[in-house]
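This report refers to the structure that appears directly beneath it.
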Amino acid sequence: MTKLTHLDDQGRVSMVDVSRKAVTSRRALAEGYVRMTKDTLASLHAGENPKGSVEITAELAGIMGAKRTADLIPLCHPLPLSKVKVRIISDPDLPGLRVTSETKTEGVTGVEMEALTAVSVACLTIYDMLKAVDKAMVIGGIRLLEKDGGKSGAWRADY
Amino acid sequence: MTKLTHLDDQGRVSMVDVSRKAVTSRRALAEGYVRMTKDTLASLHAGENPKGSVEITAELAGIMGAKRTADLIPLCHPLPLSKVKVRIISDPDLPGLRVTSETKTEGVTGVEMEALTAVSVACLTIYDMLKAVDKAMVIGGIRLLEKDGGKSGAWRADY
Amino acid sequence: MTKLTHLDDQGRVSMVDVSRKAVTSRRALAEGYVRMTKDTLASLHAGENPKGSVEITAELAGIMGAKRTADLIPLCHPLPLSKVKVRIISDPDLPGLRVTSETKTEGVTGVEMEALTAVSVACLTIYDMLKAVDKAMVIGGIRLLEKDGGKSGAWRADY
Amino acid sequence: MTKLTHLDDQGRVSMVDVSRKAVTSRRALAEGYVRMTKDTLASLHAGENPKGSVEITAELAGIMGAKRTADLIPLCHPLPLSKVKVRIISDPDLPGLRVTSETKTEGVTGVEMEALTAVSVACLTIYDMLKAVDKAMVIGGIRLLEKDGGKSGAWRADY
Amino acid sequence: MTKLTHLDDQGRVSMVDVSRKAVTSRRALAEGYVRMTKDTLASLHAGENPKGSVEITAELAGIMGAKRTADLIPLCHPLPLSKVKVRIISDPDLPGLRVTSETKTEGVTGVEMEALTAVSVACLTIYDMLKAVDKAMVIGGIRLLEKDGGKSGAWRADY
Amino acid sequence: MTKLTHLDDQGRVSMVDVSRKAVTSRRALAEGYVRMTKDTLASLHAGENPKGSVEITAELAGIMGAKRTADLIPLCHPLPLSKVKVRIISDPDLPGLRVTSETKTEGVTGVEMEALTAVSVACLTIYDMLKAVDKAMVIGGIRLLEKDGGKSGAWRADY
């Protein structure tokens, strides 16, 4: 049976020892969305958001959020991120905005948490910028899509 | 029509001017969840998590995350939080863990973003502590439930 | 003679005591620039920067930098910022980009340092985004333009 | 033609992928100044600043600021700094204080932004400590002097 | 019997609700020390530390540390500090350095944790700067000396 | 005679140059305590702290504090921590709580400061959670126990 890695037998919590793990190229891909009304989404395509500033702001917030992952998640190891990319696209069928992030490192632990944090912070930023229009938006579907590198190797979500 | 408050006509972004807004008691309530397999949830009730350390860790991470909101969300005003409470309960029907947060301030802007950030960081922490067992967990349903105080007054989500 | 407010007679350093100062509306306006070659500036108007993303990114960095002022400047008091606005315009005569910032608070100390920090971080961000094209850019002219509120009242730079 | 490295064809912003860049010894040297009146500069040499505490405080702020570079500059990669040195000297001909910084890393990206951030934060700290005496000080001349290491190799400013 | 204020009956942790507490002038005084050998202390009075830079550096670190209290201590409320003063004196009888700090706020919670954090970070900084000479130094005696303001009023340590 | 590594002949302060130091496995062990009355310690074993939440909270705060070491200690190099473990046990003879921490890195500088910072922040968190019961608690005995790795090799405290 797989163990909860951060807990000992008495339920005491630790940051996992990764000092003997090998440095490998690691990569993660994550996604999430902000679901909103059609009207709210439409306001993003109207004159109010001429340069896509909402999307650019949220993408930047996601990138900066990824760099703060070890500050936010108590047991995460600090990581030298070698790439963070966040992209937001409009999906009229949701309706809402879809967020994806890709993170990379050359390191001893994976970058899944960094990718998921990037998506979460981007979604929160979208909510913040649209909340005067619509407070009922829902953030969801935040999950890992792909993971490469490390001892456990590649992992893919069931699409 | 409601305007996007952070953008001007050219799509340039600013932190909204709240210097003339009155200081009032403000409160927000938010929720979210981490959906996982029955087996993963079961591992939390087994001997591996005897003190509920996963939940306590995630609740603390949510509280500390709420205090970092203005660092993470580019256009959020810094706020003197007067209360942050995060609670996590197990829901076998989800299956998974449900997170709620309550935030309060005596200030000029609302604490919705702080409540939503607390939930998001708590969910990410749960994912981090269980990801060795289950990488397919999904974070979702992050939304505002209640908001009180301020010029726009009370708001309730449709339950 | 005016005294250096942070030092005592032995040259020991302290954060100034502002506990008896009145809460008033305070505002500051600051400016600065990044001087570059005509070619570098031209690259910003070409197809490479179609949405003005360089300017939007630097404006956001300036806003977020203003919120970090008390973290960066050792003797600055933490302040509840009620407004931060950063604007960047192209000046072909410089040649380069000009940055202005406006900050506001309802508080006991001024927001001059927040305005100057916003300008500085925005200039550094511009440098970062253009440094692959031009490493010889110079950041300069960072100064306070206007200050309002507080015991010492209004102050204006000689234009 | 040199490309803006952080932007794609649609003007969307990313942190550059450095996962395939080699780890090399990198170094940067930067400078800047705070220009002030002769009287303000004189106050630094009088009994008010007996231990040079203004300079020591600003040098420390610059060192600590260099460590915060990736927090402040949205698209900067986090770097393991192996050296930061900031020095401030008095220049009666300016008149004012001149700041230089040297930064080093063993890493995959350069330390130019860290050197420039160190200078900027040191200049802001000088302004903060002298602003009760002189609000008209100007921060300027912030530029890269030297850069070594990395694929593009050595670079020197025209002195 | 006095209750543990951050815990509920099930041992779940929260930030205490202070939304109904009155804003009053609050002040705290704390102390601590770094005990070292006579030789280590002597090295501070010799030519190696001509300007008292070790003490100035540690005093600044204490001030900046006080401003980070709510980031470090999970259940601390963020506070608008109105004064932080840290002083370090040499005590040949210890032998070592003694640290005191004074903090003030106009707020709804006390500044005891800020004063104790200032002392702790100053002591750690002293250790860091002297550890090449002496690794056996001991940090101790960190305690609250005085507390004023708030509902519970003044408190004094038994000297 | 051993030199103060962070100071030059004029007493100016720098972060030490570690660019030529070898990457080795490094480890540090530190300890400290919070001394309190028997009654205060007893309250931790009574119904008020059923899950040991005070200890779990302080252990997490210590782990997160270790990750902030380079932010807090001015001349510390940022380090990729590969392990942080903090443990708190009750000692009726003190009376009080004893804190130990273990830190590891694969890097060019030691992790002593990270271990000592973890202990300090854990002690401060214990104080914070018990201060409503007992303000006279004393934090002390913070010292390095063991150090391994690096050029200077192993070091052990005299027990």
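So that you can tell them apart, the chains are marked A, B, C, D, E and F in the order they are listed, and the count of residues begins at 1 in each.
The rule is short, and it goes like this: contacts are C-beta pairs under 8 Å (C-beta built on N, C-alpha and C of every residue); 3 or more make two chains touch, one makes a residue touch a chain.
Model, not experiment: these values are computed from the prediction.
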Between B-F and C-E, the pair with more C-beta contacts: C-E
Rotational angle, Cα trace of chain A fitted to chain F, multiple of 5°: 120
From the options C-D, A-F or D-E, the pair that copies A-D, where over half of the contact pairs coincide: A-F
Computed distance of Cα centres, chain C from chain B, in Å: 31
Inter-centroid spacing, chain F versus chain E (mean Cα positions, whole Å): 15
Multi-chain contact sites of chain E, meaning residues that touch two or more partners: 11-13, 51-53, 56-57, 60, 64, 68, 71, 74-75, 78-80
Chain pairs in mutual contact under the definition given at the outset: A-B, A-C, A-D, A-F, B-C, B-E, B-F, C-D, C-E, D-E, D-F, E-F
Residues on chain D engaged by chain F in the complex (per definition of touch): 25, 55-56, 59-60, 63-64, 67-68, 78-87, 104-106
Sites on chain B touched by chain C in the complex: 11-19, 21, 70-71, 74-75, 77-80, 107-108
Chain B residues touching chain F - in the complex, by the definition given at the top: 51-53, 56-57, 60, 64
Sites on chain F touched by chain E in the complex: 1-7, 9-13, 32, 43, 47-54, 57, 60-61, 64-65, 68, 71-76, 112-113, 116-117, 120-121, 123-125, 127-133, 135-144, 147, 155, 157-158
